[in-house]
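Going in written order, the chains are labelled A, B and C, and every chain counts its residues from 1.
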Amino acid sequence: MKAALSFLTPRSTVALMACGVALLVAPFVVDRYTLSIILLSLLGAYLGQAWNILMGYCGLLSLGHALYLGIGAYASAVLFVNYGIGPWASVFVAAALGVAAAAVIGWLGFRFRIEGVYFSLLTIAFAEIARIGFDNWSFVGGAAGFFLPVNAALADQWWNLRGGPFFFYYLALAMAVAALAITAVLRASKLGYAFLAIREDPQAACALGVDINRTRFLALFISAAMTAVGGVYIAFWTNNLFPAQVLDTSKSIDMILAPIVGGLGTLMGPFIGAFLLVPLGSALTDGLRALGLNAPGIKALVYGLMLMAIIGATPNGLWPWLARKLGLEAREP
Amino acid sequence: MSLSLYVEVLIQGVLSGLVYGLMALGLSVIFGVVRVVNFAHGEFAVLAMYCAFVLFGLAGVDPIIASLPLAVAFFVLGYAMQRGMVQPFVTRPQHEQFILLVGVALVVTNGLLLVFGPESKHVDLPYSFDSYTLGGVLIDKVRVYGAAAALVATAALFAFFRLTPTGTAIRAAADNLTGAAVVGLDVKRLYAITFGLGLACVGAAGAIMMALTDMTPMLAPSLTLLAFTIVIVGGLGSMTGALAGGLLIGVAEAVASLVVSPAIKSMVSFALLVLVLALRPQGLFGKAES
Amino acid sequence: MSALLEIVDVVKRFRGLTAIDSVSLSVEDGEIFAIIGPNGAGKTTLFNLIAGVFAPDEGEIKYAGARIDGREPEKICAAGIARTFQIVKPFPDLTVRDNVAIGAMLRAPDMAQARGEADEILRKLDLFDKRAQKAGALTLPDRKRLEVARALATKPRIILLDEVMAGLRPTETDRMVGVLRDINRHDRLTIVMIEHVMRAVMALADRVHVLHHGASIAEGAPQQVTKDPHVIESYLGMKAAH
């Protein structure tokens, strides 16, 4: 644990504490709408951090991460509605199923140690297979969707993840903090360094005794499990699941914007990215709506342009630059 | 189900497959030479479809005929894109290339969404409902014309690469980059030409597809995936493979559509993709990595 | 007593080209063994075979009496054979220290320990002052030293050095020779080196093995091998030998 926190300087510790306190008291200070923006940002940061472990640290580009989100969401939803199994239990099933799917993808993608493009395509293909499959599977509601019951009698059952905005806000905050902690611990561990070695040069890593396959599988499993847990949150927070939303390629792309814009392979990157993109996107759509303009796709269009700009000008993301400017760089251990 | 129905479906599959093959050929050419993975491939196909749609609306131009001028226009677009935007990424880490093109894909898809809206569009041609009859089997005229146009485009591309000096130079650069540079080939220009040709294929294929099917901007990701599936099944970097893959997928989807249900026909392509990656990742015509 | 590393009648072909043509050699525990030969002789291919990058088509490779041909590179490294690459492969975005720490973490219980060991090795190889620099920013001689440091960090019994002296100035070569001789004597590290820089070969090698067109053409003490007419012929042509 001490090793995990060794990157903190006095300055960055203060900054982190300040942010933490701000986020803790936010529900009592800001209005409902702003709170929901912060919540979405926290969720985006959580999912982004999960993906960051696989791509930013281990160098594997998954463009179908919505698969794990969907699996987690549907698994926990179905177990709750059809079998009465609460989410605190089914979250383990969700994570396990996510890992199982990841195992198949990893087995196919890593076998011949082939180029990264094959892995990326596999991830897209599996997500699409799942989406079409779920679209046509009546057991999970098909394209018409799957719904969780929401009524006053069930309110505030925290063990069934039923609650008001405060409850879901703090849950999202807890998840985001957990993601940060997991990443910090990983980063300081031998496994984390193994990720980096593979990202930088798999052949050289191999020659130093790093077990490429085992390490890649672990990165994939951790990322998939975390994302599946995120899916459980989504299921119980939105209470309705549609394959076209939760398993779509656009959702997969959505999840990767924050870590890329914020900074791949950095601890704070996904947070910075999420807290920039989510409010920006909302401001954009709301601003246009206020002007009476209906512009479907404008948010994604702007995101696409930002992606191109970032990868062109600062491929390492905004956080490294921001950290330098604010004097918050990590301390070398 | 009668035999003639199966034959019809098979023929339809082959005809569609030729058009898919043309689209995939563009991807294969780009990856085989410039070694850039064009994640925005389907998006450009859809862009071409919309261009054909607009041309039809404004001037009544048959989309299949429009495939020629659109191929030229997309060549220019591809050339400019490679020269202006993609070239610096050729030497950068692969994931940065992907992400750039994912960004491009987002911009194109959502740009189209903004301009044209999400409703599906299609084109009604005077012969849209006509068909040829061949020994009791009905074949849509549109499909025949479309396939013919695709064949012509494909043949032209093959001829270019086999018979012209530039085409040979490009194949040389694909085979041995350092060698090509050493003998004085302008590799950047060759890359740009190749990218242009790749997009020209997409432009032509997209225009043809407008005559055959409905489209919305949301079709793009599945087209990208389809193109990649064809190229991987056929063999990355092999032009013949792209064609063979197109035919195989075209037929497989058509048969699946008939035998099971239209909804799951893309699952057939994915299943093939997974199968190929599991058993023979270099595809049907690709070279095995040593 | 069997040798630490034994290569027995190994053959490797690449689509019609025979890169290694029935080569046999053995390396004793604790010796410094040099492999020389003109470019294209198959030296790096031999290293790749030993290190497990690919398997031989025929023949055996034995380490400490057990066969290792065809095993995976990471297992071979864990067993005690480390290697450097002819075209150096640093982890460019990581610091010099982290580069070496990744080598050390094979046998260290945690990263703190690994970094400590890395620091020691960096001091030995005169890279300690540059430990916080990104490996991608180093000069070539420094990268070569980093490559050696990183391989040494895995605490091998044998290290395969692929042209680590190439591109170094004479003073740097002498320094590297000194470090290697030191490690060989004090830590009993067996060194197998591919070298073109004869200054280093003469200074270090106990025995020299010469390859030409994938086949062995001579083996013996450095003084003797460099005077062998076949060896001279392979490097300089017929006339030079006579």
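Things to note:
In the analysis below, a contact is a pair of C-beta atoms (placed from the backbone, for glycine too) under 8 Å apart; a residue touches a chain by one contact, two chains touch by 3 or more.
On a predicted model such as this, the values are computed, not experimentally measured, just so you know.
Of all chains shown, the one whose average CA position lies nearest the global CA mean is A. When chain pairs are compared by their number of contacting C-beta pairs, A-B comes first.
Chain centres here are Cα means. That of subunit A falls 44 Å from that of subunit C. Centre-to-centre separation of subunit A and subunit B, using mean CA positions: 32 Å.
Note: centroid distance subunit B to subunit C, computed from Cα atoms, is 48 Å. Taken in their complex, subunit A has these residues touching subunit B: 55, 59, 61, 63, 108-109, 111-112, 114-118, 120-122, 124-126, 128-129, 132-133, 135-136, 249-250, 253, 260, 295-298, 300-301, 303-308, 311-312, 315. Those residues of subunit A that touch subunit C in the complex are listed here as 3, 188-190, 193-194, 196-197, 200-201, 203-212, 332-333.
Subunit B contributes residues 37, 39, 88, 92, 94-96, 98-100, 102-107, 109-111, 113-114, 117-118, 217, 221-222, 225, 228-229, 232, 261, 263-264, 266-267, 270-271, 273-274, 277-278, 281, 289 to its touches with subunit A in the complex. On the side of subunit C, the complex with subunit A involves touching residues 51, 72-74, 77-78, 82-83, 85, 89-95, 97-98, 101-103, 105-106, 108, 110-112, 114-115, 132, 150-151, 153-154.
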